[in-house]
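For clarity, chains are labelled A, B and C in written order, and residue numbers in each chain start from 1.
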Amino acid sequence: MTSEAAAGPGASAPSAAGAAGGILVPRLTQSWRSRLFIVLGLALIVIVPTNVGSTYWLTVLNGVGVAAIAAVGLNVLTGYAGQLSLGQSFFVGIGAFSAQYFGGSLDLPMVLWLPLAGLLAAAAGGAVAPFALRLRGPYLAIVSLSLVFLGIYIARNIPSVTGGYNGTVVEATATLGPIDFERPTIGGLSFSREQGMFLLTWSVLAVVLLLVANIMRTRAGRAMQASRDHDIAAEVLGVRMLRTQVNAFVVASGIGGIAGALLAVNLEYIRPENFDVALAVQYLAIIVIGGLGTLFGPVLGALFVGLVPVLVDEISGSLPFMSEAGSDGLSTTDLTLILYGSLIVLFLTLEPRGLVQILRRTSVWLRSRRSPR
Amino acid sequence: MSHHARKGFAAVAAAAALSLVAAGCAAQSSDDDDTPEGGATAAERELAAVPGFDPAAGVIKIGDILALSGPISATAKEQLVGQQIWFDKVNEQGGIAGKYKIELITEDNQYNPQLTVQAYQKIADEVVMLSGVLGSPSVKALIPLLDRTDALAVPSAQDPSFAKDPAVLPTFPSYQTNVTNAVSYLVSQDEKFKTARYCQLVMDSDWGIAVSEGVAWVTGKIGAPTGTIQKFAALDTAFTAQITALKNDNCEVVVFGGAANNLPSVVAAATQLDFQPQWIAEFIALATAFKTSDIAPYLTENMIFTGPGAKLDDESVEGIRNLLAGLGDTEITVQHVYGYMQAVATTTLLEKAVELGDLSGPGLRRAATELDSISFQGLGGDVTLGEPEERVLPRATTIYHYNPAAPSGLEAAAVGYQAPEGFDDHF
Amino acid sequence: MTEQTTPTAAPSLTEAPATPARDPAPTGRTQPPAGRPPILRVRDVSLRFGGVTALNGVTFSVEDGEFFAIIGPNGAGKTSLLNVLNGFYRPQSGSVELGEHALVGQRPARIASWGVARTFQNLALFEDLTVLENVVVGRHHLMRSGVIAGAFWWGRARAEEREARRACVPLLELTGLDPIAGALVRDLPYGVKKRVELARALAMQPRLLLLDEPVAGMNAAETDELAGWVQTVRRELGLTVVMIEHDMALVSKVAERVLVLDFGEVICCEPPEVAMRDPRVVRAYLGGGDDALVEEVAGQVADLAAERGPGAGERDQAGGEAGKAAGAAGAGRAAGENGEAR
C-alpha cells in the first residue's frame, strides 16, 4: 500500500516540473504526515491484537472493523456518488448468508466464500441500480428501505440457506492457506479466535480502503463524484449516468457483502432480523458522523459509534447516582444512550462535515501553534 | 519518493517485529492444558480457583445477561429480583456447600443477540457461569462462544432446541408444552372444546412458529378442527384486521402468541368487534397493571393463561413462601417465579459441581450430566438431566384463570397440569 | 505552452457529404458564407413543452472555426436551443447534424463523446473536486478504464490517468489556473470558477464549444478578462464556438455572425453590427413599441455602436439601460484587449 502510494512516474514531463510537476500522478497521500499515519495504521493491525488479550475489547473492535467496512461501501454510494441509501444492511445480509452457504453448507475455503459473498451482493446491487437512476434523494431512501424489509422477508422464507426465523449457526471457517484465523499460531504462541478475527477484519478493511482510494482517484470514481456534485454537467462531459450509477451500487454493495461475510464469521450465529433497518441507519450514521465522501470518515465514524457507548458504559458504571441493576431509575444503558445521542448532536452541530474535518482542523491548529511566529 | 516507500516498509517491519516480541502478554503457549486430575475425592482436595471463583475469598461469581433497558426491561427486572431472592436465601444459609457465597453480576443486552455476545465477552473471565440469558436469539448467538470456552448458561427462554444442548442448562417447559397443556386443560373441563375450532393470533417470529407447532400437535391429538392463523409484528398496535379475520373464520378458541405490550390492543379490537372466543395466552402476555385497567373484565371473561409457577399466594409451596418473604410489599408475578427458578437451577448445579470438585466450565458441564434432574420447590415440573441427548424439559405447567383479586391477576386453576394426551418428543 | 502534445481541435472534420436539398432560409442569411464547410447544421427545429412553443422552425448552420453568437431577449429560447444541441431536449421535429452525426435523440453523454462541449449560464462545477480533477473529468469520454482497473490501479488505468493529467496541464496554463490546480473549486471566487468551467470544456477536445452566457453575473473587468481567455483559447485551439450572450459589446467584439431569436423564432442572422441596428431586433428587445420609438432606439444604438460599441438590455428595461450597458461595455473593451495580450 505504501509502495503503491509513493510510486511516482519515472518520467514526469520536464516542462511541467514547475507548478504542475507534482500533479501528474494522482497520489494516495499528499504529505509525509499522512504517509506516517498510514504506516502507523497498518502497524496497529498487528500490534493491537497481539497486545490486547481481552476478548471483550477485541470483540468490540472487531465489530467496529466490520461496521467500518460496510460503511466504507455505503460511503461510495452515499458519500461519493451522492445517492442516499437506507438499504446497506440488505447487501450486508446477502453477504452474511452467502458466507454461511458457501463456506458452511458447501464447505468451500475462505478464498472462495469471501469473494463470492461480495460478488453476490454486488450482483444484487447492480440489479437495483437502474431503479435508482429515476429516483433521487428521499425517494431512493424509501425504496432502499423497502429492500431491507424485502430482504428479511425473503430470508425468513428460504430456511435451507438462512435457517428461517431461527437463523443459522455460521460454520464457514476463516482459514487462508496455512493461516487459521480462528486459532492463529505464530511460532509456539497460540492466539485466541478474537485476536485472529481482528487481524482478518482489519486487514480486509485496509485492502478495501486502498481499493476505494484507487477508484476515487481514477476515471470511474471521478465520474461518481462529478455526478454527485452536478449530474447535468457530468452528463454533458460524457459521463454516462447509468454506468456510473451501476458502478457505485456494485462497489457499495459488493463491499457490503464482504462486510456481511466477516460479520457472519465474527458473530457465528446470524438470523434475518440481524440485517434490519436499525443496522442500515447505523451505517448511515457512521458515514455522516465520520464525514461523507472522505476516505477515512467511515473508519472514524465506526470507531465513534462502536466505542463511545462502550466507553460511556465503562465510566457510568462507576458513577454514584446510577441505579442498581433491577431497580427503577437511570440505568447505565439509559445514561449511555443519552450521552451518545448528545455527542452526536453536538458533533454534527459544531462540524457538519464530520470527524474527519474536526481532525483536519485540529492538526492545522496544532501545526500553527508549533511553528514559530 | 521511493525512499519514502522504503522507510514505510522498514517501519511496518519494525512495528511487526516489535509487536510480536510484545505478543507474549496476549498469547498462550500452545500446549497449555492443565485441567484438574479426577483421581482424589472432592473432600480431600482443595477446590481449584477458576475465573469467577476464588477459594480464598469464598465467593462464586455468576453472570446474568438480560434486557435492563428497552421495551421488556420491566419483565427482565422482575426476573432479576426473583433470582436475587433465591441467591440471598442461599447466602443466608452459608452459601453453596455451606461456604461459598454467590455474587451476581448483571449485564444489559437490550434483547439484542450481538450485544449479548459482547456483554458475555466482557464478563466471561469474571464468572463461572450464567444464571440467565434473556431471549432465544441471544441464547443461540451465545452458544458457539459457550461451546468454544466449554462454558454453560441457563436460558431465560423456552425454545425446545435448548433442551439437548450441552452449553445450556434447560429449566423451563417449551412454548409448545405450554400450549399443549392449556388446550388439554380446556378439553378436560368441557367436552365442547374437543370439537371447537382452534385458531391462532401469533407473532411473526420463531416464537409464533413454536406456538403454532404446539397447536397443530395437540389439535391433531384431540381431533379438533383448526382455523386461520393470523400474524402480527412485535410492535403492532392495530389488530382490527386480524380480529375481523378470526371472527369471520368462526374461531371458538384462539391461541395468542404475543407479549404484554400487544395484549391491550388485541383486547381493544376484540371488544370493539364483539368477538368473544375462548382465548389461551402464555404468562408472558400478562402485566400486573392490567388488573386495574379497562381490559380486566374481558380477560376475566375470556382468557386463560399458562406457564410455570403455582398458586401465587400459597405459602405451603416452598418457592412461593421464599418469594413472598423476599418480595415484602411488592406483588408477586410469574416473572419473579421465572427468575427464581433459574436461580434454583443454578445453585443446584453449583452444589453438584462443588461436590465433584470442579467449578470450571467443563466441570459444570460434567455436573449437569451427573445430575438426574432438578426440581423447583413446587414451582413447576422437574427437568430431566443426564447426558445432553437424554434431557427432557419439564412437562407440567400451571393453568391460570384471570381474576383481578388474585396476585398479579392470576388465579391458579390447575397446578402442575400435564396433558394426558402426551407430548411430541422434541417439545 | 510546453512542447508536449497540445490538445488541438478535434480530429479534423471529415468532409460532410454535400446535402443538395437545403431548406430555404426563412429569414435573413442563415447559411454560412461559401468557402468553409459547415460543422453544425440545424434544420427546422421545433420544440414544445405542453402548449408552450419554445422553438419554432429554427434553421441555421455554423461553419468550421466560426465564432457564432445567439442573442435574443429573455425567454426567446436561446438556452432551449443549446439544450437541443447537446441532447438535453429532444425537439418534436427538425434535425441537428454535427458533421456526420445526427444529434437528435442521442443522449448528452453520447453527443459529448462526439466533441460537443458546453458551459452553463450558472456555474455547473464539481464543487468538492479540485481544479485539476474538474478539468480531468472533461477527458472522461477520451478515457476507457473501468472501475475494476481503477480499483486495482492496473497499468492501463494508471497510464491513462497520467496521460490525462499531462494533457490537462497545458490547458491549465492556457487559462492561468496552473498555480491553483490542487485547490478545491468550492473555495474559489466566481470569476476563477468560470475559467475552470472553460478549461474543463476545453479538456474534452471539442470540435464545437457551446457557451451559455459566459459573462453573466460578472463585472466589466471580469468580463473582459474572461473574453480574453475565450479569444486566446479559440485562437490557440482553432475551435468552433457557439455562444449565447446578452452583453452586446462582447458579442460585437468576438462574434463573426449572430443569430437573433425571439419567441422561439429566428429573426435574423447577420454580422453583429448589422443585426443590432436591425429594427426587428430592436423591437424584440423592446418587447413591442411603436415604430417611432423603435426607430429612435435603433438610431441611438447605431450611434453608440459606431462610437464605443453597442449595449444590450433586457426586454422590459431595454431603453433606459441601453446607454449604461453600452458605457460599461465600452470600458470593458479596452481591458479585454489587455487580457488578450497576456
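Basically, a contact is a pair of C-beta atoms (placed from the backbone, for glycine too) under 8 Å apart; a residue touches a chain by one contact, two chains touch by 3 or more.
None of the values given here were measured: they were computed from a predicted structure.
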{"item": "Graph class of chain-chain contacts, one of line, ring, star, complete, other", "value": "line"}
{"item": "Chain of greatest Cα-centre distance to subunit B", "value": "C"}
{"item": "Inter-chain centre distance, subunit A versus subunit B - centres from mean C-alpha coordinates, in Å", "value": "36"}
{"item": "Centre-of-Cα separation between subunit C and subunit B, whole angstrom", "value": "76"}
{"item": "Chain centre separation in whole Å, for subunit C relative to subunit A (CA means)", "value": "44"}
{"item": "Complex contact set, residues of subunit B against subunit A", "value": "1-2, 4-5, 8-9, 11-12, 15-16, 18-20, 22-30, 68-70, 73, 77, 80-81, 84, 106, 108, 110, 113-114, 117-118, 121-122, 124, 137, 140-145, 148, 161, 205-206, 209"}
{"item": "Interfacial residue positions of subunit A with respect to subunit C in the complex", "value": "4, 9, 13, 15-16, 19-20, 23-26, 211-212, 214-215, 217-223, 225-226, 228-230, 232-241, 247, 250-251, 293"}
{"item": "Subunit C residues touching subunit A - in the complex, by the definition given at the top", "value": "2-4, 86, 88, 107-109, 112-113, 117-118, 120, 124-129, 132-133, 136-138, 140-141, 143, 145-147, 149-153, 157-158, 160-162, 165-166, 169, 172-173, 178-179, 181-182, 200, 204"}
{"item": "Subunit B-facing residues of subunit A, complex", "value": "2-3, 5-8, 32, 35, 38-40, 42-43, 46-47, 49-56, 58-60, 63, 164-167, 169-170, 185-186, 188-195, 267-269, 271, 273-274, 310, 325-328, 331-334, 337"}
